[in-house]
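What follows is a pair of complexes built around chain A, which joins chain B in one and chain C in the other.
Right after this comes the complex of A and B.
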């Protein structure tokens, strides 16, 4: 089957700066993928190129099997919701109407329900909306479009936690009824963790982690307790990171633990705590993990 | 951390979803022949991806604890509870008794004292003696 999004050898250079460096991946259709990474890591550039808003310096991007740039057929099946999206000088109702004309799978019913849920005033000029309300409008359009390819780039600037929860719940509900390919870039990893089937972590223009969340979960554990016991438990295991105060130590052990490991930890009076997805991603990006592998681009 | 109805980060989410359902089958909350929640219902409740919920269901289907009835949904299979309980009895010593005895040893509680404690606790919970 053709992947929904296929990126091969993609690079993007801005005046000598490499924003994307030989990026390759495929995303299958009908999935929710998290695109994670620090500010300036290349997330927005990657999404803009997938959305056909920007050209690649090298490499190729295929969306639904075709090049997205100026391809009307592909663009109508793709919605791209950006952080701080700019709109023409419209009122809310007009912007929603314009979007409904463009997207063939548009759901008026879903749009209406979401506008109400986010309490967006249809008559208000978009310029007069607060930052959070503008984000909410982007989310309404992004979800109601029911586009086969749905790209969200940090869609919740200014949104309060209640509104973010509305976004997650409606994304999930609408996705369950109408599966599609969702790529969501976010900093709020733990908030979105349950939604994501895969995570891709981008750092300094390169994909440093591309994995199913099921494989990641439980992939590292924080072990803490008396330093002697921690030393005994961790000996011979890959350790990412150690912290120590007086005779207490906390170490992060890579790799899954089995029942025997747990029994042994209990016998040593050690406290085990699995790393959250967010902590795992932080390690992927910034930790001095396998010391053997050196970073060349610093 | 987003609330996922009690699921945690320690194990793959689909495994935890399967364990929750298995618990309900074992304690009789989900009797044999009963329809289990659909993938989308589970996804909405736990706030997880529907594909993850589907993997949890598939795990129980592979163990033949659930069966599919075409067009209606997934149901608890006949004999599921009995098989589940037999399996859990086998794991009981390893998962509960051994750690209990180990901790008792550390605290200097001998076997007789431990048995007495278990009897008392069992009475307190209205448990029955064989």
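Right after this comes the complex of A and C.
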């Protein structure tokens, strides 16, 4: 089966700066993938190229088996919700109505329900909306379009927690009824973790992590307790980073732990905590500067 | 094709730019002209206004605004640049045809009422719009379409290269016109150019304008193809 989105050797150069550097991955159809990474890592550029809004400097992008650039057959099955979307001088209702003309599977019912849930005033001009409301409008369009390829770029900038929960709930509910390929870039990693079947982490234009979320969970564990016990437990294991304050130490151990490991940790009075998706991502893009002088890295 | 029609419909949602704007300008223009004529009733003979050009000028703005404002959202909705341009061209052609018809009907009324009772020549323009109604319609149609196509190209250039691009585009047009003048002068061809335009019929001129409109459309298409949003 051809992947819904297939990217091979993709690079994008802007005046000597490499925004995307030899990026390759496949995304299967009927999946929700998180595209994670720091600001300026290349997430938006990648999504714009997939949507055919931007052009690649090198490499190939195939969406539903064909090049997306100026390909009406592919583009008709795609919706791209952008954080920085420039809207015409529309009112909310008009924008939603206009969007419905372009999608054969458009759900008026879902659009109406979402508009109500987000409390979006239909008669208000889009340029008078707050940031969060503009984001909500993008989400309404992105979900109601029911497009085979649905791209969300930071869809919830400025959205309040209730509205974000509405987005997660509705995305999952609608996805269950109408499976499609969703690629979602976000900074709120742990919040979205429940949705994501797969995460791709991009840093300085390169994919540094591409894995199923289930495989990632439990892939690293934080071990903390007396320094001597931590040293004993971690000896011979790959350790990502250590943090020591006085006689207490905390270390991140890569790889899954088995029952024997857990029993041993309990005997040593060590506290085990699996790393969250967000911590894994932070690790993947390189840890921040050490906050304490005692910290050493292995 | 159905996408083109959706695009045309989408563009037309901006009623102010496409409908209200041009006709409001033309209506106000007409009122002012009529008021001036009423204020100076002593003049003998016919009054030639020439203010009809307002709607043509406004349609350049219409073409530019329509493209520049509506393009990014259309692309987000999975419309290709080509389909967006084709749909906009479709709407421009329809608008030019209908507005030309409007201008022609107003011209007929003006003729029948003796220039609105004021001997005013507002919708009748000597040489250009003075023939039979169908010729007036055709010339108006081509003229309006030309202005829209020109404006569309402006809008695309703005979307692609912003203000510096727009200024460069205007400069390039000025240079092109200057070049033509220099070439005519250099070839010592002013008199033959003069003869050519003197002999040019309205039909011929309309044909020339149509060729120019198609050239502008082609230029706009070439520019939109590599546009990024």
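Keep in mind that, in the parts below, the second predicted complex is superposed on the first by the 286 of 298 C-alpha atoms of A that agree within 3 Å, B and C clash if a C-alpha of one lies under 4 Å from a C-alpha of the other, contacts with A are read in each partner's own complex, and residues count from 1 in each chain.
In this section, a residue touches a chain if its C-beta (ideal position, glycine included) is under 8 Å from a C-beta of that chain, and two chains touch if they have at least 3 such contacts.
This structure is a prediction, so every number in the text was calculated from the model and none was measured.
*Asks:* Overlay done on chain A, so just call it for chain B and chain C: clash or fit.
*Replies:* The answer is fit.
*Asks:* Once the shared chain is lined up, is A:195 touching chain B (first), chain C (second), both, or neither of them?
*Replies:* The first partner, chain B, only.
*Asks:* Does chain B (first) or chain C (second) touch A:48, or do both, or does neither?
*Replies:* second
*Asks:* Once chain A of both complexes is superposed, is A:274 in touch with chain B (first), chain C (second), both, or neither?
*Replies:* first
*Asks:* Please indicate which partner A:150 is in contact with in the superposed arrangement: first for chain B, second for chain C, both, or neither.
*Replies:* The answer is neither, since A:150 touches no partner chain.
*Asks:* Quick check for you: in the superposed arrangement, does A:175 touch first (chain B), second (chain C), both or neither?
*Replies:* Touch status of A:175: first partner only.
*Asks:* Under the stated touch criterion, which partner chain does A:185 make contact with: chain B (first), chain C (second), both, or neither?
*Replies:* A:185 sits against neither chain B nor chain C.
*Asks:* Go through the superposed model and pick first if A:70 touches only chain B, second if only chain C, both, or neither.
*Replies:* Touch status of A:70: second partner only.
*Asks:* Superposed on chain A, how close does chain B come to chain C by Cα atoms? Whole Å, please.
*Replies:* Minimum C-alpha separation, chain B to chain C, in the superposed model is 26 Å.
*Asks:* Touching chain B in one complex and chain C in the other: list those residues of chain A.
*Replies:* none
*Asks:* Show me the residue ranges of chain A that touch chain C in the complex, using the header's touch definition.
*Replies:* On the chain A side, the touching residues are 48, 51-55, 70-72, 75-82, 85-90, 94-95, 98-99, 101-103, 141, 145, 147.
*Asks:* Which part of chain B faces chain A closely enough to touch in the complex?
*Replies:* Interface residues on chain B, with respect to chain A: 1-2, 4, 7-14, 39-40, 43-44, 46-52, 55, 94-95, 98-99, 102-103.
*Asks:* Spell out the residues on chain A that touch chain B in their complex, using ranges where they run on.
*Replies:* Residues 30-32, 165, 168-169, 172-173, 175-177, 179, 190-197, 213-215, 217-218, 259, 263, 266-267, 274-277.
*Asks:* Note which residues of chain C are touching chain A in the complex, please.
*Replies:* By the definition above, chain C touches chain A via 3, 6, 9-10, 13-14, 16, 69-70, 72-73, 75-83, 225-226, 228-229.
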